[in-house]
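Heads up: the structure comes next, in structure tokens.
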Amino acid sequence: AAETTLERIKRDGVVQVGFANEKPYSFKQPDGSLAGVDYELARAAFAKLGVPKVEGVAVKFSALIPGLKAGHFDAIAAGLFIRPSRCAEIAFAEPHIQIADAVTVRKGNPKNIHSYDDVLKNPDIKIGTQQGSASRKDFERLGIPESQLVSFQDFPEVFFALKSGRVDLTTSTIFAANETVAADGGTSVERAAPFTLPVFDGKPSINYLGFGFRPDDQDLVAQFNDALRSIKGTPEYDAILAKYAITAADIPSPDVKLADICKE
Amino acid sequence: MTILGIDILADWFRLSVVTVVLPKLIAAASVTIYVALLAFVGALVIAIPLLWAQRSHLPLIARPAVFLSDFIRSTPLLLQVYFYFFVLPQIGVMLPAIATGVLALSIHYGCYVSEAYRAGLEALPVGQRDAVIALGFSRFDAYRYIIVPQLIPFLIPALGNLLVSIFKETPLLASIAVTDIMFVAMQHGADHFQYIEPITLCGLIFLALSLATSFVIRVLENAASQTWLGRRNIRG
Amino acid sequence: MTILGIDILADWFRLSVVTVVLPKLIAAASVTIYVALLAFVGALVIAIPLLWAQRSHLPLIARPAVFLSDFIRSTPLLLQVYFYFFVLPQIGVMLPAIATGVLALSIHYGCYVSEAYRAGLEALPVGQRDAVIALGFSRFDAYRYIIVPQLIPFLIPALGNLLVSIFKETPLLASIAVTDIMFVAMQHGADHFQYIEPITLCGLIFLALSLATSFVIRVLENAASQTWLGRRNIRG
Amino acid sequence: MADQIASPIISFRAVTKKFGGTTVLANLDLDVVQNENLTLIGPSGSGKSTILRILMTLENVQAGGVTVDGEALWVDQGPDKLSQQAAAAQTRAIRRKVGMVFQSFNLFPHMSALRNIAEAPIRVLRLSKDEAYDRAIELLKLVGLADKQNNFPIQLSGGQQQRVAIARALAMRPKILLFDEVTSALDPETVGEVLSVIRQLAKKHQFTTLMVTHHMGLAREISDRVCFLEGGRIIEQGSPVQIFESPANNRTKAFLRAILEA
Amino acid sequence: MADQIASPIISFRAVTKKFGGTTVLANLDLDVVQNENLTLIGPSGSGKSTILRILMTLENVQAGGVTVDGEALWVDQGPDKLSQQAAAAQTRAIRRKVGMVFQSFNLFPHMSALRNIAEAPIRVLRLSKDEAYDRAIELLKLVGLADKQNNFPIQLSGGQQQRVAIARALAMRPKILLFDEVTSALDPETVGEVLSVIRQLAKKHQFTTLMVTHHMGLAREISDRVCFLEGGRIIEQGSPVQIFESPANNRTKAFLRAILEA
């Protein structure tokens, strides 16, 4: 039989991961090296597997899953949310971080947006999204019409559109929202506060991040899960989380199972 | 998989996907066509004052016009699209995405159209100008009755090529969320993780568009030459 | 804000941002230049067998070559880039993003280069062909000593324009995450929430690239004409 | 035919014409009287076409004065001053008195022979269409092309095209007709057609003509006076017999020898 | 100059040449003997150039046979069968015996006068560069252009270009020289230069020449025989005196009248 991905990366000592250059998950630093919580956790876990070197392949967000399937890289370490539709396409590792959505608006919240009900009430409000992003499904369930959604191909364009007034709000993780507001220096955008997040099936919407693999590579996924579990709580692990201001509350409890998140 | 490769193809190019995607793409093609045709007309119009300015004897008019045209033709259309889309709103000009796209394409291709007009004027035998002056035509009559009618058959192929280019560059506007054919194809890909079928279908639709354009160009060329160029063959 | 508008400009176009972004963009420009030049050379090479196939007397060779070239020239480059990027791996060809981009540009522009070659051959006065036959040159010698040397000065402007087009289309490859100048500009925008400066600088860098290309083209044209075309002016 | 007592209908006075640095006409004096048939001969580049083009308002002059039919086209402003062109209205008026036939015909390719002739009378003289077309048909008969009125230029031979061009110039009823090597773009066999039309015109109608030609036979037959130009100057002039039989100037002799030998 | 007893160096036997549907040469028979100087005259389109181009292997034939210097270039395959061309090697061998000078010179624009002449001897005859350049310089002297050897074609006048073209053809040392209206692209004054070179050649050297020209003076002076072609047929032939003074055929008469009158 042909060599499996696991065998190959162990032999070569190198694994390639796709990333979308998004803070704080995986991103290129000014000196060209990679950083980010997903990248560094992946590196620690792969090191445990005996693969010392982790190389990054930068792709557009929307090309992460096709790129993995097309074989341009062996895993995704890009803060990808675990979603049922994605579970059908790729194999996820067990979730490693849980985060809530945050909503960013222009400074002063000129359209007075504090919930998605406000969006539904005012058809002038436009939401900026990323092609292929998970939140589109949520908007669909909330009944927000297509005409209020403006899709861009990449993350930079979404925030540019917010800044230039092309869209009125964007959703992202709390991390990304904080990063952006900090980068902006408080001149043009802010977190919408207060903002009532939607509740689906009685549960507030929580997003779980997971590393992605090709479905054929179940052996790799199993070993990666073991490795990730085994480094939990080590000083190295804590240092990585601390570096990106991730607290214990952001780590899913062991009861949260991939299989449940993947259920429709 | 079979030896004949038919099943490999069927695996890649799933009819079930095609039946879902194709109607969406065809609907989106109307946006592509609408944007491209509007932009083409815009370019034909913008090119006239631009050429006039470029050929002006006043350096204060000619120089900026020449520079502008060179600048626009030497920077990527994508960049210009971003500029109009994201920067114009900051000075208070908020055009819808489609209008922004049409504007960007019109200005970009207007610069090329003006070059085509210029080439046409330069290809006109100098003797025609001499004859027009010798016979005492006014400037306006000369353009209307002598020069423009001779330019049209010359311009048709060049303008046709520009129209094809406009069609080909319209997908760029997907990057500012104009829901053209390419946007819809990539959206479908992102939502359903099915890329090959929409991409391939897009290619076929573009081929069809371009064949249609070529056909129209040929018909127009024939029509133009019916009147005088093509009578060559009747020559006794 | 002042009446003179200088401050408005200073607000938008902050020197502090420029000093940070410009080095990054210039570094990224090397990727753009590298990709564009490789693709240009690729196109020059690919065009030769393509033209040969298109001009073949065997319909089995000529027809597919003509169709392929028409198809490629009438569909968007973006589409072709996606096609190579997503589809090639499925038949086991796994190229890195940059190589995919170079391949797509080479093939796309190879079709245009072959048209330029063809136009050059057609522009050659028929008398040259007569003279070559009458003097008994072999086919190879005729190309080497008579035809190609005459084509080069004719081709320089056309090929130069294609090179400029390649430069302009390289930013498309940002869509498959080739970290070229446009990709870096938008990324900087996302990271620092500063968009206008990087985009504007991108435009200026492209202008510089295109001016440099034009300059090289002019130098080459002069060099070519030094040998024979330009001696016109020495004529007694 | 020429009436040497009449005041000149065309007069060049000390005309200097330059293209960039090169002087093409040097202090040229030339008078043509009403109904005179003048032929200009001379080597290539001697300024023959330039003289015609100045009359046709296709070129400007730097110094000297040009008068056509008593009206100033260019006014001498004295030494070291550029000559001044007549006002636009007067230029237009003068242009109407002069018609020109070009070496390369310059027919409008997108119009039938008839429309080629009628277009300027309609647009410039503001004739009614009926009147203009009647006039055009008459002229086509005159040049022997009554049956070709619906042909486009591309459907006519070179000689036929040139005859249409002559008719087109005549349709404006000019007082002065300029011919610039009207046969040199034609192949030897078709030259005859055009020459016979010109001969006929010269015999039947009273025009003032200025002609540039290499056809010494024609020059001899129809012209009252021949001017030999070189380097923008008139080197020698006189009756055809005088110039062709016994040229005084050595350059004229050399030129004629070369032409006749070839 | 012609030796009527010698076997023909060129012979066309019942040659038919068509372009698409139109027959350009119709069952043509033509013999040229060694050292004969033959001139072809006739109206435009009569097939004069085609005859020369067939000899130069620039065109093929449909029926009939063509022999050059005893070797078959085209072999008649009998009625209703297409003629067959000689094998490539024999075609090449025959081509070396024939040189051609074109109406539009067809010099190589990117080479000096000298290289224009020397290039084919170097590449085709495989002469050494020294030998080829020596030969070229000698030929440039012959055509009176020794001082122009480094000029590019664009730096030469039309007459000079044509003389270089003649030298280029001679550099291959052909037995047969073809001239196709070699002066009709020249302006009248420079025609003389080229004619005098041809006259000199015809007098000094023993060539077989086939010439198409409208210069009846030249034809008269240097040719042994004149053929009048029309519609791809030889309508009349004879000595220059016979053809020009007392043509038998009415078409020949009309043609000559038109040419001489113009």
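Lettered A, B, C, D and E in written order, each chain numbered from 1.
One rule holds for everything that comes next: a residue touches a chain if its C-beta (ideal position, glycine included) is under 8 Å from a C-beta of that chain, and two chains touch if they have at least 3 such contacts.
Please read these numbers as outputs of a predicted model, since none were measured by experiment.
K.L.:
Applying the touch definition from the top, give me the chains sitting in contact with each of subunit A and subunit D.
P.N.:
Joint contacts, listed by label: B.
K.L.:
Which neighbours do subunit B and subunit E have in common?
P.N.:
Chains that touch both subunit B and subunit E, as defined above, are C, D.
K.L.:
Based on which chains touch which, give the shortest step count from subunit B to subunit D.
P.N.:
The fewest touching-chain steps linking subunit B to subunit D number 1.
K.L.:
Name the chain whose C-alpha centroid is most distant from the C-alpha centroid of subunit D.
P.N.:
A
K.L.:
Farthest from subunit E by Cα centre, which chain is it? Let me know.
P.N.:
A
K.L.:
Looking at C-E and A-B, which pair shares more C-beta contacts?
P.N.:
C-E
K.L.:
Report, in whole Å, the distance between the mean C-alpha point of subunit A and the mean C-alpha point of subunit E.
P.N.:
Their C-alpha centroids are separated by 82 Å.
K.L.:
From the C-alpha centre of subunit C to that of subunit D, how far is it in Å?
P.N.:
Here the centre of subunit D sits 52 Å away from the centre of subunit C.
K.L.:
Just curious, how far off is subunit C from subunit A if you go by their C-alpha centres, in Å?
P.N.:
37
K.L.:
Between subunit D and subunit E, what is the separation of their C-alpha centroids in Å?
P.N.:
39
K.L.:
Touching at least two other chains at once: which residues of subunit A meet that condition?
P.N.:
Expected reply: 66, 153, 157, 160, 163-164.
K.L.:
Residues of subunit B that touch two or more other chains: which are they?
P.N.:
Touching at least two other chains: 82, 86-87, 90, 186, 195.
K.L.:
Hey, what residues on subunit D touch two or more of the other chains?
P.N.:
Residues: none.
K.L.:
Which two-chain combinations qualify as touching?
P.N.:
A-B, A-C, B-C, B-D, C-E, D-E
K.L.:
With touch defined as at the start, can you tell me which subunit D residues reach subunit B in the complex?
P.N.:
Per the stated touch rule, the residues are 53, 56-58, 92, 95-96, 98-100, 102, 104-111, 119-120, 123-124, 152, 154-155, 168-169, 172.
K.L.:
Can you tell me which positions in subunit D touch subunit E when the two form their complex?
P.N.:
On the subunit D side, the touching residues are 43-44, 183, 187-189, 191-192, 195, 214-215, 217, 255, 258-259, 261-262.
K.L.:
Quick check: in the complex, which residue numbers of subunit B touch subunit D?
P.N.:
Touching subunit D from subunit B are residues 125, 127-128, 130-131, 133-138, 141, 145-146, 149-150, 227-229, 231-232, 234-236.
K.L.:
Where on subunit A is subunit C touching in the complex?
P.N.:
Its residues touching subunit C are 21, 23, 27-28, 30, 57-60, 63, 66, 70-72, 153-157, 159-160, 163-164, 180, 183-185, 188-189.
K.L.:
Under the stated contact criterion, what part of subunit A meets subunit B in this complex?
P.N.:
Listed in rising order, the residues are 62, 65-66, 69, 85, 89, 131-132, 136, 150-153, 157, 160-161, 163-166.
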